[in-house]
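Shown next, in structure tokens, is the structure this report addresses.
Letters A, B, C and D mark the chains in the order given here, with residues in each chain numbered from 1 onward.
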Amino acid sequence: MSEFGLVALLVGALGLIAIGIAGLVLARNLFRLVLALAVAEAGANLLLVLAGFRQGASAPIIEGGSTLHQVAMVDPIPQAMVLTAIVIGVGVQALALALAVRAREAYGSLDMDQLRARMEADIIAAAGTAPTTSQEAPSGARPLPPPLPSPARIAAEEPSS
Amino acid sequence: MIALTVALPLLAAFLLPLLPALARQFLGPLVLLAVAAFGLCLAGNALDAPSVVAIGDFRPPLGIVFYADGVAGLFVFAIAVVTLLLWPCATPNGQPDPQITRKHSLTLLMAAASCALALSGDLFNIYVFYELAAVAGYGLAAGSRTPAAQVATFRFTLLGSLGSLLALIGITLIYFRAGSLNLAHLAELAPSTLHDPLGLAGFLLILLGFGVKSELFLVNSWAPEVYATAESRVSALLAGLISKLALLAVVRLLVLVFPVPEASQLLLVLGMLGILTGELAAYRARDFRRLLAWSSIGQLGAAFVAFAIPGPAGLMAGIAVALHHLMVKPALFLLAERWGGNLAQLAGAARNSPIAAALFVLFALSLIGVPPLPGFWAKYLLLSGLAGEPAGLWWLAGLVVLTTTVVEAVYLFRIIGTLYGHQQGSVMQSRTATTGSGIFALLLVGTALSAPLLAAPLQKMATQLADTDGYVAQVISATITAPQRSGTAP
Amino acid sequence: MTTPLDLLLFTAAATVAGAFALGRWRDIAWLTGAFYIAQLIQLTGLDLPSASHAGFTLFGQLVGWQMDGFGRFFAIITVGAAAAATAYMGGEWGERYRQAGHSLVWLHGALAINVLAMLLLLAGNDLIALFIGWELTSWASFLLMAQGGERALRAALRYVPYAMGAAMAVLGGIVLTHAFTGTLQFTELAQRVPQLENWQLALMVTLFGVGFSIKMGLLPFHLWQAPAYAEAAGAGTSFLGAISARMGLFALALLLVKFVSLTRLADLEFVSGLFDARDLIAWVAAFTIVLPTFTALKQNDARYLLAWHGIGQGGYMLLGIVIGDATGSAGGLLHVFNYATYQAALVLSVFAVLHRTGTADLNSLGGLVTRMPLTFLVMLMGIIGLAGLPPMNGFVSKWLVYRSLMIEGRPLLFLMTVIGTLGTILSVYKLIHNTFLGQLRLEHEGIREAPWSMTIPMLVLVGIGFVTGVAPGLPLQWVNDAQAALGLPVLPHTLGGVESSQGGLDMLWVVGVLFAGFGIGALLFYGVGNRSKRIHQLDNYAGGHFLSADVRYHYSDHFYAGLMHRIGPLYRGSFTRLEEAVASANDTLAALMQAWYRQRVPMLTLLVAATAGLGWMVLQ
Amino acid sequence: MLTRYGSLLFATGFAFLLFSLFIALPMGEPPTLAGQAILNEAANSVGAANIVTSVVLAYRGIDTLGELSILFAAATAVGLVLGGQARAPRPSKEDGAGGFILQTGVDLLFPLLLVVGFYIILHGHLTPGGGFQGGVVLAAALVLPVLARPEESPSPAALAWVEGLAGAAFIATGLAALAYDHAFLTPLLGAGQLGDLFSAGTLPLLYLAVGLKVGAELAKLLLRLAEEGPAA
């Protein structure tokens, strides 16, 4: 592979990381946050594979049952590491999605800011302390969306076919 | 035996959901008891010489090694004991928990991962087990199943994953530069390859990544949210145990691979800011759990500062601070099981539950470092380590530790005043909480009484931990248990 | 094999154990009292210096205990004050305290812990042992302060930041000392500390000095002391007032005289040749005499008035020790003893009044001399001592301090002490006038003398004050031991006072002349013709009107109105405002820190940190 | 707005700084100290033609164990979060039975996927692929029928057994080495003939355990999330 190709791959990997991190910082939707995490992880994995790449080497699989291998092979360790990293990423993303599902069920929103406000309100209510944040906030309950109606109710309200 | 400390809890965790109900009750604690025994043996053996095992019998720079020095053995023991004391049990209101098996599994996974973090001598392996501890931690943190806990855990998960991502990039950098992952090998290679901006950038990324779990300043804003919403026992595990092990991993990297002033100063500055922000935020806290969260941020900042001091003195101080916090903070979180919530509710609680109040006083006194409790010795070692360094940033850190201790004393004594005050609050009574933290209190007092006996082994451990050459020699010359494996195996 | 010091510490520990184990027993005071007496006997018979076998080595530091003459001097006062307080607690006062819903067990226990902690502090033979004792003393006195109601608890909580600040300053000093000298043993420190460079010495003295003077209540760290001492339970107040704050003086003297040495201290010059660290400390002491004394003048609660005086009197002691010649240091040290006797007696008498009348408010008392004559006598003798007049012992120690200030050529400092004494005289007069003299209030018609369990300890204390006033040679022996242990010149003394080429003092003569004068007066009064007639206080008239019980002619509100009009604007509460400013700055900072932990997107912080860190690394 | 641009700026800056660090490295010629040593000796000492497999299961076997544990932890945590005992998905209107094409296609694909999955797993030591890749195919095979006939999903209990026993088998294989005086996770049974199906000692067995565990774990995760579908 040409020198240019390698740099392009590097730029691609770092670009994925940058996009993913920017998404993590800017996105407010929980699902998008998880997707952004996945994008960033893809970038990091690509970077890891790049770290083991050798110019003109073949995949680390011995062909034809011969223990003699004249051809240079790429570093197998980063490949194994990537395998591990991918699986770890899958696990974490699944967990994050499950949490998002539950959060939406409870608070009726996937918006991080709203969820955070509800969470803080819940923490304060559970602790029984007065809110410590803003003293200027309008008194009374904050205008947060009501929880989504349960699926059973959706089903009931739909015009029956 | 070294590998068993990791393999046994993992095995138990895998099998736990399959077992009959009776066996489920006892398997976990039994395994943890075994691990505790292993940990004691390892620590005892390591006082003569650290032991090394090459997992899979592959010679060290190729395969993964587990290195059991005194500190690792001690932490394995502590992990098992603390996990046992914080073993998830019925919910505070006494209802049996239908999810208890899952919690037990996750707790065992967490214990196994912690042991591996203490023992592992391979950078990527540390990353993997850090992740295991993290995922198990996320699961447990969400385990209280309140919506707030789920949102907090979601935020925690994202932050932790981003941290892990950065750590992975850091590991990539280091591997790319040095071509190895084995810590001993890296220690040999480091002076020629890694002590440059590139290597330090790798260290920085790993520090920030692992810092998430060890409540490093800048990446610790998850702590108050999660500790306020998770079950107290889980908070105790996260704050008491997991944070220390993540810290220990960073310290191994710092000592073996990056013994350069820049790296120490990074730790020092971040630790100092952690102390300042944590203790001051705790000063204004109005509910017990978040107060503990902030206070533990401060304490871990102190541990970072201690480990930043180069040489055995700093490591010794760090171990002392970390172990002390390990004894006190879980116990306080156990008290929070009953006392979580508004601090004003605690008014007059000492009359209803004198034992719990007395325990709180004991822990508070040790936290602020009243002699002859162990907290004093930890603080003394930390401060004398800092005073032994040249003036400047180090002394500033000492000043920060001293002044924040005053702040800490004020907020802790405010609670003591509330507890023993003359107003009436609304706090219920429950017996289990006192038993758990009572055992921690006994440990604490035991440590105080036997301090002169414990000092020498502790010093030995710190010297071992600081001994990079010894580490490298031990690992590189690690004896493979069988000379050539392919022929002998059936 | 146990040494005498081991036995002493063991007795003190046994007192603690006994107080808690048998605390519910009605006559526990007899037991603990006996233990205190036993400790006192052991102390007076102690061979000097007496080492203890207790001790251990930890992290390379040898921690051990050994009591020398200096420590013993303070220890005697400590145990004596505890014994007096215990006797006071043992009778009716304790019974009432228990009935009010407080715990007498904890009061006895706290007192015993205090004594043990102070003995450990006084016998410390290295800085770690000193710090252990220091911390134990701090928290033991917190325990004693917090007993006795909500207000006491609030005042004790105000003490916490000061106590902790003191402890941390001391701890900082200890670790720096270790870094500078490589040792924490007293004997080695005494050799090595004077050889340190000036900046090191200055840093050490600052840290230790701040720490120790907080406990002592030196300006500007004195605010905690008056409320914390005044609000405590009666017997506790007397013990705290008599000795607790002197632990700071003990440690300060140890530092300044024994380790640093006063001559070396004078090398730390602020303005070359004009003003050095020693002058600074002397002036701080002088201001500590004046300002709190005049704050005491303003108090309307007898307990607070005495507590504020306690702060001011500390200044005399430190001033005497810092002057550092034989006379001055003897005066300073002797004042510790003398002050303890009359302060304890005064506090106990105020609490006796409080016990009978239910108030210590100087505006709602008066005329009690006819109802509580013994208590009046105790307070009279006490204030004579406090004001530093013969024949009480306070005169001797103050005279020694004045004398050395004159000899050493410090006229300005002398002027300050005189101003302080003036304030003392004015305010103690206010105390006795508003309490005992003048018009008896109607509601106090049926008041009886305090019970014997209370009057006897008070009388014993003023008795000691009187005897040591007439024969100051008795305590001066202990003072000499203390001076020798500190390495100060020893003051030669006689039974009646001091012999010196520059003018001695013989109290036997002074008191003799004084009482001869009284005798002549009495002769004139009774011999020439006793024309006095006893009438009821309302059998009288003023402004042409006969007095009735509802008319208040007792002058207590706005006492010293004229003087107050002059000096009133000076009471600006600057220190209180300083304290508030620190507290609110801390609060604001804390709020900021909490805001930091409520970040909307913590990932952004992580990103910024990583970017900044990488940038730093790349640019290097 | 400021936050937005600032964040973008920092993200690009971060990437740029990383770029400047990586570009300084010998791209295409990494040092490969440990990697080259493994390449040299793996074929002889482990006996797997696929050297990545040697690394994954032998040299860094404990990483793989950790990884399996993470999957297990994630699955357990998802179960904990989503709550309740594992239960069969309830048939509901939204995800009713698939149409004829889906049902027939699934019937055809299911055995095929199983075979391919096991093939990939069992040849992991010889060719590209292995337990993880094969496990994912297995999971797909298990999940596909649910699309077609939601009421006939695999029993969660059976999945749990497979998952638990497969993980235990991995550890047990590792522990077996202890019985023969080897360190934990030492491959046993000899290296065999390079390139044979029955070579590389216990590695194929380990990969089988990995494959089954990954398959069961992923299937469980997907099924759990699918269950929650209508509710979310």
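Please note the rule applied: a residue touches a chain if its C-beta (ideal position, glycine included) is under 8 Å from a C-beta of that chain, and two chains touch if they have at least 3 such contacts.
As the structure is a prediction and not an experimental result, all values here were calculated from the model.
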Could you tell me which chains are in contact with chain B and with chain C alike?
-> A, D
Distance-maximising chain from chain A - centres being C-alpha averages = C
Ranking A-D and A-B by C-beta pairs in contact puts on top A-D
Per the C-alpha centroid definition, the whole-Å distance linking chain A and chain D comes out as 19
Where the CA atoms of chain B average out and where those of chain D average out, how many Å apart are those spots?
-> 30
Cα centroid separation between chain C and chain D, in whole Å?
-> 75
Return the residues of chain D touching two or more other chains; collapse runs of consecutive numbers into ranges.
-> 7, 10-11, 14, 17-18, 21-22, 30, 32, 34-35, 38, 44, 59-60, 63, 66-67, 70, 73-74, 77-78, 81, 83
Could you say which residues in chain A touch two or more other chains, in rising order?
-> 17, 21, 24-25, 47, 51, 77-78, 81, 84, 88, 91-92, 95, 99, 102, 116, 132
At which residue positions does chain B touch at least two other chains?
-> 124, 128, 131, 135, 138-139, 142, 150, 155, 158, 162, 169, 176, 181, 197-198, 201, 284
What does chain A use to touch chain D in their complex?
-> 1, 3, 6-7, 10-11, 14-15, 17-19, 21-22, 25-26, 47, 50-55, 59-67, 69, 73, 75-81, 83-84, 86-88, 90-92, 94-95, 97-99, 101-102, 104-105, 150-151, 155
Which part of chain D faces chain B closely enough to touch in the complex?
-> 17-18, 21-22, 24-25, 30-35, 37-38, 41, 44-45, 47, 58-63, 65-67, 69-70, 72-74, 76-81, 83-85, 160-161, 163-165, 167-168, 171-172, 174-175, 177-178, 180-191, 201
Touch list for chain B against partner chain A, complex = 124, 128, 131, 135, 138-139, 142, 146-148, 150-155, 157-158, 161-162, 164-165, 168-169, 172, 175-176, 181, 225, 228-229, 284, 286-290, 340-342, 344-345
Seen from chain D, its contact residues with chain C in the complex are 3, 7, 10-11, 13-14, 17-18, 20-21
Touch list for chain B against partner chain D, complex | 3-4, 6-7, 10-11, 13-18, 53-58, 61-64, 98-99, 102-103, 105-106, 109, 112-113, 116, 122, 124-125, 128-129, 131-132, 135-136, 138-140, 142-143, 145, 150, 169, 173, 176-182, 185, 189, 193, 197-198, 201, 480-482, 485-490
